[in-house]
Every structure is written in structure tokens, then in C-alpha cells.
């Protein structure tokens, strides 16, 4: 840690603090306020915890929450693919520069573009099933079957989002000291043991960061995919919390209930993050001390 | 980030490629990467090849090679010339907000990663917590706020909004990266009498080049691709962004798949070229961070 | 090729609720039009088709009013009529109208937000039923009685769903009918009488069976976006009802969806699915992709609105046919065509309600009503229309059957959105996926109605009053 006069750090944090405060403080405060009211238009009467009760009684909310939690299964998948591919690239496999560009490419496409293109590809008689049919496989009804739609959605999300993970881990790997790896190599450590004992420990901070980002993406930033690919259907098979918030808040004119869900989401993340920081601080203090 | 005289030279590239081993391992690696590359590119190929088909060709064969090439879809999609105005609007918003978010984010992350102060963890936790606030919920109160300050339908208002919304992510990403840089570097620089700003601009920034470039790329993509806010806060048709334009476009032509795909291609081209031409910088940024020692 | 698609009529409902990526959220935008520096001519949420917007205003002696409208997306070409009407109105009254063509998804939400902020336009486009009644209940629209002459109100074709507590809040504009469109060649190929489509459910099933044997898809659908489900639901549920007020009774829980006659529509859908009469990719297609199967010769029948018929005529020509949903139900409303109308109203906070009322009256002058057909080929809702002007036998027959003759209200205009998202949308998709029976669909509908009542205690009372009005009015 750098030694500073006590007020100096605040000076650095000030611009970001002010901007974040300006953009978030009032809206987030209002979200809390709304969650205790029956809002019609811009205001409404205080109803206590009624919105929260209504949410927990609502089967649509329960299935949306379940689907959002299921989407979290994509986090380890994203993590595994990005670490594996970035390590392969880092080892300068032949043509690694080309692969790097190619694998990042999906991430530069806009979410609506990805969702729209996928929605045409995955229809029952779409190009994916035509290709599978050409090699003799009878393809499933990717987005029309309730048991498969959520997995198709996850596939499409992973397809685009994994590019970010690959680049992130590659950037971290490229800033690692090479000697350590060379030493391990000279010691005769195999590929897996180098990964396990040298690379993964070095990536720990980045892995933690990426898991948080990926989890948040899955919980709170998938609306664009859902909307363009399945609209929440078939039935409620791909209804996620974000779509529930959108439906209750904007379509069903119940911003109070939508805000209550948002409060719960924020609360859950806060607890998760606080735990993470608690664990990390203890480790950090051991290191720094 | 001009780096005239780095106190510590980030001497890096070209890193010597680790010796290549022959045999099965190498083959498996190539196979894995090739499969990944095909999976990554096929939907893109589908989008591009379909855009060059006539609707009849598409209905006849969804995955065949587009021949003869039909470019009518592109002229159809470009008709009216609105496309270029959308493009310029998106560019203005992206440029402005990414600069602000990166600058403010770097300053804050520096303090968080390298200084000890009360409320540090709380501030960082708040940043992470804010990442999860779904923008849909904040829309109504945000709009009320913007109305009070007469900031709706202005470029600068939306630039500030985007910068503010991407700032929590920026702070989080940069503080994470800054933390990973060896302590000894600052401590010796600080002992040599370098000021904090010097340390930030001469050591941290160059060493974090990969992170900074990554952040700029990710934030640019986010702003460029954002739909909801653009729609609500820039209702003036003259200020419509590319994503809003594309969505309206798809709604009108969704039965004509090739025409829709041509629109999707056009919407993706700007970011594609930015990536293509910026790649050199992007890669230099990435490799410059590969510090030895 | 592309122009063909440019001209395709778009359903209002499709976009109204579609609101991709939050387009509906744009509802808030007009406040800023109001706060953003006086000029409400900023084109909040206009569609890309704003090219033809009427000339910008040049204030003249008679004052200036603003009008937010919609319709070009559905009744392609109606813009021409709007332009000439506003020009004629200026000449006659000296009042300049500043028109703003709104986005489909935004036209109502944007109005609601603007009205909440006290900055609505003087004249506002309104969909029928609940889409404007919610604004009536919030106090954002004023009754037209006394502002617009009673005769105009009565003749305008606003329908019973524009009336609440004896006050009328809307004047009609053009009509939108609902039914089944079919390809006469497919009927002939299956050995059916192409000029006499089925009128009973049994005859319909028989026709489906013969068409299926002939190798075509009998009935095409695309349910992914939910609009097929809505159209099918209205065309069939109506058969079980004696009066539109019964639909409200179902939505607010006075009647029970688990009664067999009230879930029969979903059992019938299940029957169609189980017999293989509907295309098997229905769940992965959107409404118009489903309709396209019929219009490209892969299917024999599909569900569509009268507003889309001119576009379908361009593809099928003489082979296009259109009929009322075949009957199985025993309600008084069974077998009668279903027709809705678009319309206009005057916001409570309009700056110049008198001028706006004059504009509505001018729109309903005989000359303007007839011009709607001659200039834009739209079918007017006003009774003054001289139907002998329609020079197309097919469309003339549609007009006479769906509007001049006895017709029903469109009961989805009474449906709470929650019922749309959680019951109608879910049921139609699950039945098409073979995962739900008609009876289970009824149970789900009942659960959703109870849930809605619980979540919206403040609106239920209004709904009940409205149901009493409708029941008394019949």
C-alpha cells in the first residue's frame, strides 16, 4: 500500500463517486420506495410489504427465479471454455493470432443481432436442423420445445459471451512473468500440472472477477437474448427474472412489484459480494502483512 | 495515455514462443481450436451468406452458397440514407462516454487498489452491487431525474448516463487488474520520490495496457449495442442510434430473412472495421503488458 | 421483392405488445418532448416511415394543435388521407395541426406518460377497449359528449367498448375484422367447395382432414410471439359468450374458467394439434411467419385480419378467400363476425379541446369519410360511408359482412395484460407443444385471473362497473 495523506485517496475516487451518485442514487432510492407502494403512473399509496408477498405467491415469479438460477450453470461452462482456450492461445498454438481474432468475433456483434440471427437459425425447419438432417441427424425443436428452449438460450448466450472471457484471460496470461512457466516446463511438469499449479493460481483474481461478471450477466443482462430469441416461451420455459421485471413493470403497469424483485436481486448480489470480499480481505491481509 | 519515459520499461514483446512439441498434444490442440473457430464463425457466415441471397434462393436452400450474389438486399436496407446518420450518432455517444468512464474509472481504481482508506471496500462493494441493477427498473426514476435537469434528448446527457452506467464495471475491472501488478514496482518508485499521478500514468497505466484496452473495447461495445436507453432518452429521430434503427428495421422486414440479415450485417460492419483496424493497437496493448520479471 | 414486404400490413397488437428490447419503455419519451424545449414536433418514437409527414407548421391566424397518431403501420396508405385531411382542415378552419406519427409500441404508453406529466397532445389516437379505458380511469381522457356533436359520436363507429358510465371517450376511424383466410386452390385440390368454406366445427375438421390427405398443411400458425394465440382465442372464446361483459366476468373472477364451455376453445386447439392439422414448427415461428406458410402455398388456411387482406390479395389474387371462424359454441355471439375499430380521443389536459373537437368532426364529414376509401383504400368505420364506392367485389363483401351486418366486439380489448402474458400466451404455446390439455389451460386461466385480481385491487372495481355497463347496454 502506498502511504498518503488521509484525504488523497478520496480525491482520486471523487469523480467516479460523484458520477455514480448522480446516475444511481436517486433511481435506486426510488426503486426501494416503489417496492413498498402500489404505483400507478409516478406514485401511489404505501402498501407495506404487499408487493413482496405478491411476488412470493406468484408461480410465474418462482419459475422465472428458477430459470435465472439455471442460467447460472452457464458460468462454469463459460469459465472452463475461456480458460482452456486462452491457455491454448497463450501457448502459441499454430495460427494463434488468427484464432484469437476469430474467437473474439462473436462478442463484437450486438445482442439483438445475435438473438435475431439465432432465432432464424434455430427454428424447427431452420438452417441448424437442415445441416443436421444433411448428416442424418433428426434435429430437435430447439426453441419450440419447453424442455430445450432454455438450453438453446444458454447456448446462444455462451456463444457470444465467451469471447470476452477468452480475451480477458489471455490479457492476464500475457502479463504474467514467463520465467515461472519456463521453470515449471524445465522441471518437467506436464501440461495439466502446469495448468493446475502454475497458471490457475496466477489467474485466481481474474477468475474471481470473471465469475462475478458472468454471474451478473446471467442474472441481470440477458433480456435482449430472451426477447429476440424466445420472448419467454414456449409457455414460461424461458421466462427469467429480468423478463418478469419487464412484464410486471412496463406491460402490466405494476412498477411496485417490479421494483420489489429488483430489490431482492440487488440484496442477493450484495450478500454474495460481501461474502466474497470478506474471504478475500482475509487472504489479502495474510499476503500483504 | 502517452508514455514518454516509463520509469520501468515494460519491455516485452516479442516474447519467445515456447518450444513447440510435436505429437498428439499438438494435434488435439489444433482440433479443439479449429472446432471452436468453426462454431464461432458459422452463425456469422450464415448471416453474411443469407444477406447475399434473394428471398427465393433462401427459401429454396437455407444453407447453400449464395450464388448468384444478390446485392439488392443491401441497397434495400440502405435506402433512405438514415443509416449513416444513425452511425454518426452512435459514434458520438460511444466516444464521449468511453473516455469519461475510462478516465474516472482509472483514477478511482488506482486509489482502491493501491491506497488504504476508510470506506474503500464499501465503495467497491457498492460498485459490484450496482452491476446487478436491471436498467429496466431504473428507467422511470432516471427519466424523471433527467427531466428535472433538462438533459433528455441531448448528446451530453446521454453520454454522462452511459459513462455513469459503465463506471461500476470499469472501476471493478481496473481495480482488479491494478491489484495484480507487483507491489514492489510502486514502492520503489515511491521511494524514488515519484508522485502518485506519475506512478499512475507512468507505471500503472502502461502496465495495465491490456486491461485498459480490454475495458475500452468492452465499454465501446456495450454503449454501441445499447438499446433501451437510446430509445427512451433520445426520442428525437435525428438523434436515433444504430441499434434503435436496426430494431425498427427488423420489425418491419422480419419476413424477408435475407433483407433482415443484410440489415444485421450493415449494423455489425462498423464494429467489425473498428476491431479490424484497431486490432493492431489492441494486440500491442495486450502484448505490451506481458512484462518480464 | 422488398417493396412487397414494405407494403405488408402490420397488426397493431403485434407491435403494441411486442415492444422489442423495451420499445414500450419509450412511453416515457414524450415528457421530454414536452420538457425538451417547447417543440413537440420532435419525432418521439416515429417510425422510419416518417418521410411522408405533413408539411411543417407555419402558424397562421387560427391557432395550432398537436395530434399523435398511428395507423400507417397497419392500414398502409392511410397517411395520404391524414395529410389531405389536415390540409383541408386548415383551409376550412384556419387551424394548423402538427401531426406526429408514433411508433406502434409507444403510441399508448407514451401518451399515458405525457398525460401524467400534464403535457398530452390535443388529439390522440386510441385503440379500443382497455387500451384507452385505463387512461379514462386515470383521468387522462375527457368525455366527448358535448364537445363533439351527438350525431357524429353515434355514427363514428366507436363501438360499445369506447363507452364508460354513459360517456363516450373515442370516435371511430377505420375497421379491423377478424377471420380465417384461405387459398381456394388448396380447397379445390382437396376436393372441397372453394366458394363455400366450412361454417361448423365438424365441417372444418372434415376440411382439415381432406386437406391433410391432399398433402398440404391444413392450418398454419406461428405462436412464438403470442399473437396467433390472441387471435385464435378471441375467435373461439366469443362463441361461448352471450355478451362481451361475460369476458370481463371471466377476467375478474365472476365466472369460472374451469367451466367446460369457457375452456373449450383450448380443447379445440388441442384437438387440431393432436390431429396434425397445424404445422409442427408453429412454436418456433412468429405470427407472420406462420401466415407466410399459407400465402406461399404450403398451407391452406390461416388466421388473419381484414386490414391485411389487400396485401394478401397481391399474392393470391382471385384465389384468396376469407371466412368467419366455424362454429361449435352455443353462446349468443357464436358465428357472428368479430370487428374492431381504431379511433381518436381528446386528452383532459389538451391545450385547445374545442379545436381538437372540430378536427374530429371534420374527419367525420361525409367527404372525408368517403375519401378514406378513395385515397387510401381503408374501410371507414363511420356509418356515413357510401359503400357503393368500393370497386373490389371481394373487399366489398368483407365490408358488408364484417361491418354493415351484425358483428361482435373484439373481446381481447377487455383483457388485462397479465392474462395476456401469463394465460393466453402460455396456454396457446403449451398446447401447441403438446404439453397441456384444454382443461389444464382452463385451470391456468383461472389461477391467473385470481392472481390478477389480487395484484390489481384498484382496477378491479372499474372493470366491474364497466362489465355492468356493457351488460346493461345490450
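As written, the chains take the letters A, B and C, and residue 1 is the first residue of each chain.
Heads up, the rule we're going with is that a residue touches a chain if its C-beta (ideal position, glycine included) is under 8 Å from a C-beta of that chain, and two chains touch if they have at least 3 such contacts.
Here the structure is a predicted model, which is why all the values come from computation and not from measurement.
Visitor: Of every pair of chains, which is linked by the largest number of C-beta contacts?
Guide: Result: the chain pair A-B has the most contacts.
Visitor: State the chain with the largest centre-to-centre distance from subunit A, centres being mean CA positions.
Guide: When every chain centre is compared against subunit A, the largest gap points to C.
Visitor: When the C-alpha atoms of subunit B and subunit C are each averaged to a single point, how far apart are the two points in Å?
Guide: Distance between chain centres, rounded to whole Å: 41 Å.
Visitor: Centroid from C-alpha atoms only, then distance subunit A to subunit B, rounded to Å. What do you get?
Guide: Going by mean C-alpha positions, subunit A sits 15 Å from subunit B.
Visitor: Residues of subunit A that touch two or more other chains: which are they?
Guide: 42, 112, 126, 223-224, 246, 250, in rising order.
Visitor: Could you say which residues in subunit B touch two or more other chains, in rising order?
Guide: 136, 140, 227, 247, 250
Visitor: Do you know which subunit C residues sit against two or more other chains?
Guide: As it turns out, subunit C has residues touching two or more other chains at 20-22, 25, 289.
Visitor: Which part of subunit B faces subunit C closely enough to touch in the complex?
Guide: Per the stated touch rule, the residues are 54-55, 59, 72-73, 76, 80, 82, 136, 139-140, 143, 146-147, 150, 152-153, 227-228, 231-233, 235-238, 245, 247-256, 259.
Visitor: So in the complex, the part of subunit A that touches subunit C is made up of which residues?
Guide: 38, 40-42, 54, 57-60, 112, 122-126, 141-146, 223-224, 227-228, 230-236, 246-247, 250-254, 257
Visitor: Per the contact definition, I'd like the list of subunit C residues that touch subunit A in the complex.
Guide: That would be residues 17, 19-22, 24-25, 27, 109, 112-113, 116, 134, 138, 223-226, 280-285, 289, 416-418, 420-422, 425-426, 429-430, 432-433, 435-436, 447, 451, 454-456, 458 of subunit C.
Visitor: Okay, in this complex, where on subunit A does subunit B touch?
Guide: 1-4, 6, 8-10, 12-13, 15-17, 19-20, 22-24, 26-31, 34, 42, 81, 84-85, 88-89, 91-97, 99, 101-114, 116-118, 120-121, 126-127, 130-131, 159, 163-164, 167-168, 170-172, 174-179, 181-182, 185, 191, 205-206, 208-209, 212-213, 216, 219-221, 223-224, 242, 245-246, 249-250, 255, 258-259, 262, 265-266, 269-270, 273-274, 277, 281, 288
Visitor: Going by the contact rule at the top, pick out the subunit B residues touching subunit A in the complex.
Guide: 15-18, 20, 25-26, 29-30, 32-33, 36-37, 39-41, 43-44, 46-47, 62-63, 100, 103-105, 107-108, 110-112, 114-117, 120-121, 123-134, 136-138, 140-142, 144-145, 160-161, 163-165, 167-169, 171-173, 176-177, 179-180, 183, 186-187, 190, 196, 199, 207, 210-211, 213-214, 217-218, 221, 224-225, 227, 243, 246-247, 250, 257, 260-261, 264, 267-268, 271-272, 275, 279, 283, 286-287, 289-293
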